[in-house]
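Have a look at these structures, which come just after this line.
Look at the two complexes coming up: chain A is in both, with chain B in one and chain C in the other.
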Partner chain A sequence: MRKHTRRTTATRPKPRRARAAASADAKRPELALQAGDKALSQALAILGDTEDTLPRRMEALRVLQAATFAENQFDAIRADYTAALRKLVHDPQPQLRQRALGLLSRGRDDYAQATLLEGLRHPDRAVVGPGDALSYLSYNAHAGVQSVARSLFKESKDHVVREQALRVMASDPASRGVIRAALADKKEPVSIRQMSAAALHALDPQALQDWAGKAVLDKTEPDDIVATGLTAIQFGDAARMSDDAALRKRIGEMRTKGSGRMKRLAKSISAKHKL
Partner chain B sequence: MKVEIEINDSPQAAARYLTWAWSPCRIRVTDPAGITGTSAAVRLDQTALSGGGSIRFASTATGAGAATHSLSVPRDGTTVSFFVRGLTASTADPGVQITARQTGATASVGTVSLMVRIRKDATTLTNGERDRLIAALAQFNNQGLGRFADFAGTHVSAGSLEAHGRPGFLPWHRAFVLDLERELQAIDRSVAMTYWRFDRPAPALFTPQFMGRGTFNGPGTTQVTFAATNPLRFWRAGPAPGITRDPAFNVGGASPGPLSQAAALALGNPGALYRNFRRLESPLPGTQHDYHGMAHVSFSGPIDSIPTAAQDPLFFFLHCNVDRLWAVWQKQQGRFDVAVAAAYETAAPPHRVGHNLGDTMWPWNGVTTPPRPNFALGGTLASSPCVSAPGPKPQVSDCFDYQGAIKLSNNMGFSYDDVPL
Partner chain C sequence: MPLVDEHEQRFAAEVDRVVQLSDAAELLLTLCDERHAAYVDRSAPAITRMRGWVLEALGRRPFLADAAIPYVLEELEAPSHPYLLAAAARCLRAVRTPHASFAVALAHAFRVAPSLEAPVTLGLYGGFGDAPGASNTSPVREVVATIAWLGPLAAPLAEDIHDTLRSGAAAPDVLLALEQVLAALPPDAPRECCAELPKSIARFVHWQAATRRDVDVALDKVRLEDHRGNSSSFRTQFRTGQPTIVAFFYTRCDNPFKCTLTVAKLGQVQRLLHARGLGESIRTMGITYDPEFDTPAQLSRYGVDRGLQLNAQHVLIRATAGFEELKQYFALGVSFFESLVSRHRIEVFVLDGKGRIAATFHRLNWREEQVVDRAAALAEGEKAGTVASPMASLAGLAALAVPKCPLCWATYASVLGFSGALTFPAPWALRVLAFTFLLVYVTGMLWRARRTGLRLEHAFAVGGCAVAMFNTFVVPAGVDTPPVVWVGAALMACASVVGVARRGKASASGVVIERGDSRLVP
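Here is the complex of A and B:
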């Protein structure tokens, strides 16, 4: 059984690794597939062979997934492909586990969902970290997933896990209060507040507009939060905008004062709302 | 004397947009004061405005056209036809002003401003073009509450057989991209769909200011990074907000590595047949020579799977490029006319419904009885104030002569920057 692998920005690929990987990408591994119908079966065999190299198995997965876009040609191996992806969920290679879980989740695969939920409830059974698991589960966020997401948002110290939890909570009316509180809390990291803004819009667009107006008027808010508020207002209700004299005045000021991006945003809003 | 000039034979300002195709126009006298005789000799010329671009005039929809045009306009208000087309693209609206003057005079007797609106490579857009496009996308999506949901909800597993794996793949996606483009133009007339040339590096596309930046070789779970001022940061087209799109290639300097354009165009050989060319849709087993499918799976995220691909707005830039490549091939091989057998793939017995030239296409036809899917989102294909084709319920055959090269009325109202008429 695998333990949760804590995913933070610190675990992202380093630039040097990224460059090396980019170079490797330029030389995609040769799979030497036969021409014709057997090619996809061959690719399936490479994908499932844990003794083969990771680059060749990843390439086999790419070839197979690309072939799914040709519906009728792929039908002959579709069931085998799904079975292979489900097997990869427990593969020793984390990259293959992640890729398989992503592909299965986008197809709302029951087995992947059950495995991911099991891992969130029992971390000793998890095949990926909780942030990744929540992301994959967000493609079909039902009540069971949402309650787990609420718990993780409150308990986790990992920003990535909390951001992903917010994404899941965005389709959960019971989470509205938690999201509003996170958005208003200046002690929360900017990224959490920005994701809260996106989540709140999905649940209660009017509440987001209320917050956005206050955020733009609040001179103690950081630039990124004010910009998020302005971006929200940009797509808000024009009538409401024309009724708020203080907000109109503030946006008018921002057209000439502040950073370049703020000026651009303020000008854009002014043009849209004819201020 | 005063004249009125109509572009695309319409008095609407919304119709004042040109492509490389000839647009029918007309001019008539609205105030005959000062005209001696039964008609006035009028010269039309052009002035580049802030949006730039240039046009050509002609009395018939043929030939290269000229920078100016002279015609005789009856005093009694009878309209006189002429044609204009774009020669170079505008970057903003308005781009070109047409001015009418009586021959030999300097005073204007009528003007009209227009834009040469062309689909361009996403990496060549000005900041203004980029910002208007993403603003229109964001507004149409309305942060998950707008009509973009119809597009995301159409390109799903249940509708897949209407659009994939068969000859209708290219016509169906041409209509799909056009439908969205027209919806965006209803928000901002100056916007044209853009294309992602995925056989070339496109670093200017994958920036926080444009389509966002994912994590190289990431697990397909991290959100694309957008600038705080990018309205796409509130994108939502699936159950959860945000866009997940981790590239398997270095977006800063590499392409995903599918076929080069030249190799993809050669797929039509031997015989320059559509049957061969449409193999660009999916991998050729054993060769890994894939153009379209491999571009989709060069990312980990919704765009890599049919059920979720259209949730990512990059889907439309990707498919605009697939459509552009078809347009390039059509131009090279003369394959605009469905009467030419090699322009499409007919079969006996017929293909699955939806893939034969005379079939209407789902979802625009609204048919929800088997074998069509049991839903059809979004209604008919959006109309255009500039052209009438391909109509609200297009047939497969309506999506070939997109610039009206065979018949002017076939013009679908779009052109690509690198595909002439």
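Here is the complex of A and C:
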């Protein structure tokens, strides 16, 4: 008879993520911080010291960021921490700049937002690339970056920048026209069109349904786009579906023909809308 | 001034110029209004910097006017930005004398400030950077300095201060300042919070319409859609014969002390109405500032998540057409940047059964009971109004028969004289009667002159009256004495004609402004 023994925490094998974390711990540089209240001030000093090594400064930032969860102790240095992050926005080390901008943007820091917008308007003054700047600014819908995002989306050739611009435009009703055009444009990359569909789902569900019906019927559209159209139809109105005989017929065909993914989606729509 | 565009640079320079003028307080006050042209199509961060600069300018002037205080308290009650919070806290210290009611807003700001703590440079546009003469501070430091300024009136905050000192959750200089605040509190100071705002300030945030009248706005253009997707017109939504409590909000609002709180409080209003048996006779309505983004599904989710009961009587609404007209009708304090709200105040209204605004609560946090009481009184009044209306009509007809002008009085007297109903009184009685009428006339004229200032008609009236009195009581008209009393009468007639002509002219221009006229003050 097999003997059942309960494994203790010590005997249980560590999952891969825990092992990776333990290995990262072992690689962390030693900061030799004092115990007690002075530790955070010391970490701030290391973080701000441009002569210190990058790993030590990154570690100081990690320590400080972890301490933000211990609210009471951290409240004493919160303003100094924000001041230190604002200085890092112009640090020679790009990793530190990126981390600082990420942290400040999540807190909707006015200085970080103003610096990022300034960089988008005047690329010679930018502290990060336009894709990253848009990504950080997208944390705050009120940052006032929508019009800049629209013009970057139209003008930029950089795929990453255009994707980030689309993310910003996804919460902007004034961008509906641009997004609709991108969705309908077969020359646009599939990822841009898929993101446009997701954006329209919130901004203009009716327009998305109109497009989805056409995309599913259009045999020249690639499979990924047809699948996006089918996914949109799943969220659509059953009455509208039952009025469209051509669409019903096409979905019926897809239940038996086409790739496995298409069949699954077509069956799911048929079940939901009782076709 | 780095990182700000040309418009903001010009704005900052203009505020700096205005602050030197003798009427600076009045001019700066106009810049506190969200509807000011300077804020049109400016982003939320830009408006934050602009308003912060205005608050800084107001704070530099001696003694903050009562009308400006709600703008300052608003930033303390609904803080969302380190610079605005620090500037508002400092600005409040420009009030001539602290008032106990300020403790409410300061207590709230004191609890929220640690989460907004960041370096702020007051004296420098935008609040960040270094400049000679600027002061490096932070929201917590400014709020604590203002609490210290309250002196003994800060007693209701003692418990919060003790908590902070016990946890040590502040910078050493802040902890020291808090210890000093506690040490300065008299041991017998009352700890309960807090006094109501004095009427001189409260009248700027809450008022009842003296007369409810239809506003000249093209409301037929307004098309509304509720949280269920049902469309309606302004008339069908608001002219239902039942009072409606209306609150404005939008789902993308990122200030938890504004829209989220307003909608949650609207839920509490609904519960109070149901508890008082008024749930079916008073309607509640939330209207979004952001009709493009707030679809019916979005509205419904937002309301339910915040405890609203949504049905045909209690709705969340967006304007699918005519939002501008709606904005005009309610005189909404909101500004936009492209399609997104960039700034708004808290706004709640009580509308009567015909959709006319009967009471307004705005900018500062409103109490649910107060709004329900107002709507309940309105519902009660409308019920009574329906019963009393035939009586009112009869009274109105009767009022037509009452003589209202000297000509009417003369006609009535003639009719009574011809019919013999009026017997000729003794001469002494006539003199008493004449004296009484002249006295009433002069008093009335002087009372008008006090409100409007001395004018030509008043000179005519007093002159005519003096002549008439002289000819009646001092040297009575007789065979040898000319009847100058007619000159007096003519002067008084001139006074009437000039006065009537002046009022007619003012009415034609649409505005009647008189010194001390409260109709112009909300």
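Assume the second predicted complex is superposed on the first by the 236 of 275 C-alpha atoms of A that agree within 3 Å, B and C clash if a C-alpha of one lies under 4 Å from a C-alpha of the other, contacts with A are read in each partner's own complex, and residues count from 1 in each chain.
Criterion: a contact is a pair of C-beta atoms (placed from the backbone, for glycine too) under 8 Å apart; a residue touches a chain by one contact, two chains touch by 3 or more.
Note that this is a predicted model, so its numbers are computed, not measured.
One of chain B and chain C touches more residues of chain A, and that partner is B. Once the two complexes are laid over each other on the shared chain, residue contacts for A:Pro205 go to chain B and to chain C alike. When the two structures are aligned on the shared chain, A:Ser171 is found in touch with chain B and with chain C. Contact with both chain B and chain C is seen for A:Ala141 once the two complexes are overlaid on the shared chain. Of the two partner chains placed by superposition, chain B and chain C are both touched by A:Gln73. Contacts of A:Arg264 after superposition on the shared chain: chain B is touched, whereas chain C is not. Looking at the shared chain after the overlay, A:Arg86 reaches chain C, while chain B stays out of its contact range. Once the two complexes are overlaid on the shared chain, A:Asp218 sits clear of chain B and of chain C alike. Legend: residue contacts after superposition of the two complexes on their common chain; A:Ala114 is shown touching chain C, with no touch to chain B. For the contact definition in use here, the residues of chain A common to its chain B contact set and its chain C contact set are 71-73, 108, 140-141, 171, 205.
The part of chain A that touches chain C in the complex is made up of residues 71-73, 75-80, 82-83, 86, 108-111, 113-115, 117-118, 140-144, 146-147, 171-174, 203, 205. Here chain C touches chain A in the complex through residues 2-4, 43-46, 48-49, 81-83, 114, 117-119, 126-128, 138, 140, 167-172, 252, 254, 292-293, 295, 337-340, 342, going by the rule given at the top. Remark: chain A residues 7, 12-13, 18-19, 21-22, 25-26, 28, 31, 33-40, 58, 62-63, 65-74, 95, 98-99, 102-103, 106-108, 128, 131-132, 135-136, 138-141, 160, 163-164, 167-168, 170-171, 194-195, 197-199, 201-202, 205, 223-224, 227-228, 230-232, 234-235, 261, 264-265, 268 touch chain B in the complex.
By the touch criterion stated above, chain B contacts chain A in their complex at residues 131, 135, 138-139, 142-145, 157, 160-161, 164-166, 215-223, 227-231, 233-234, 236, 238-242, 244, 248-250, 253-254, 257, 281-288, 290, 292-294, 296-298, 300-302, 304-308.
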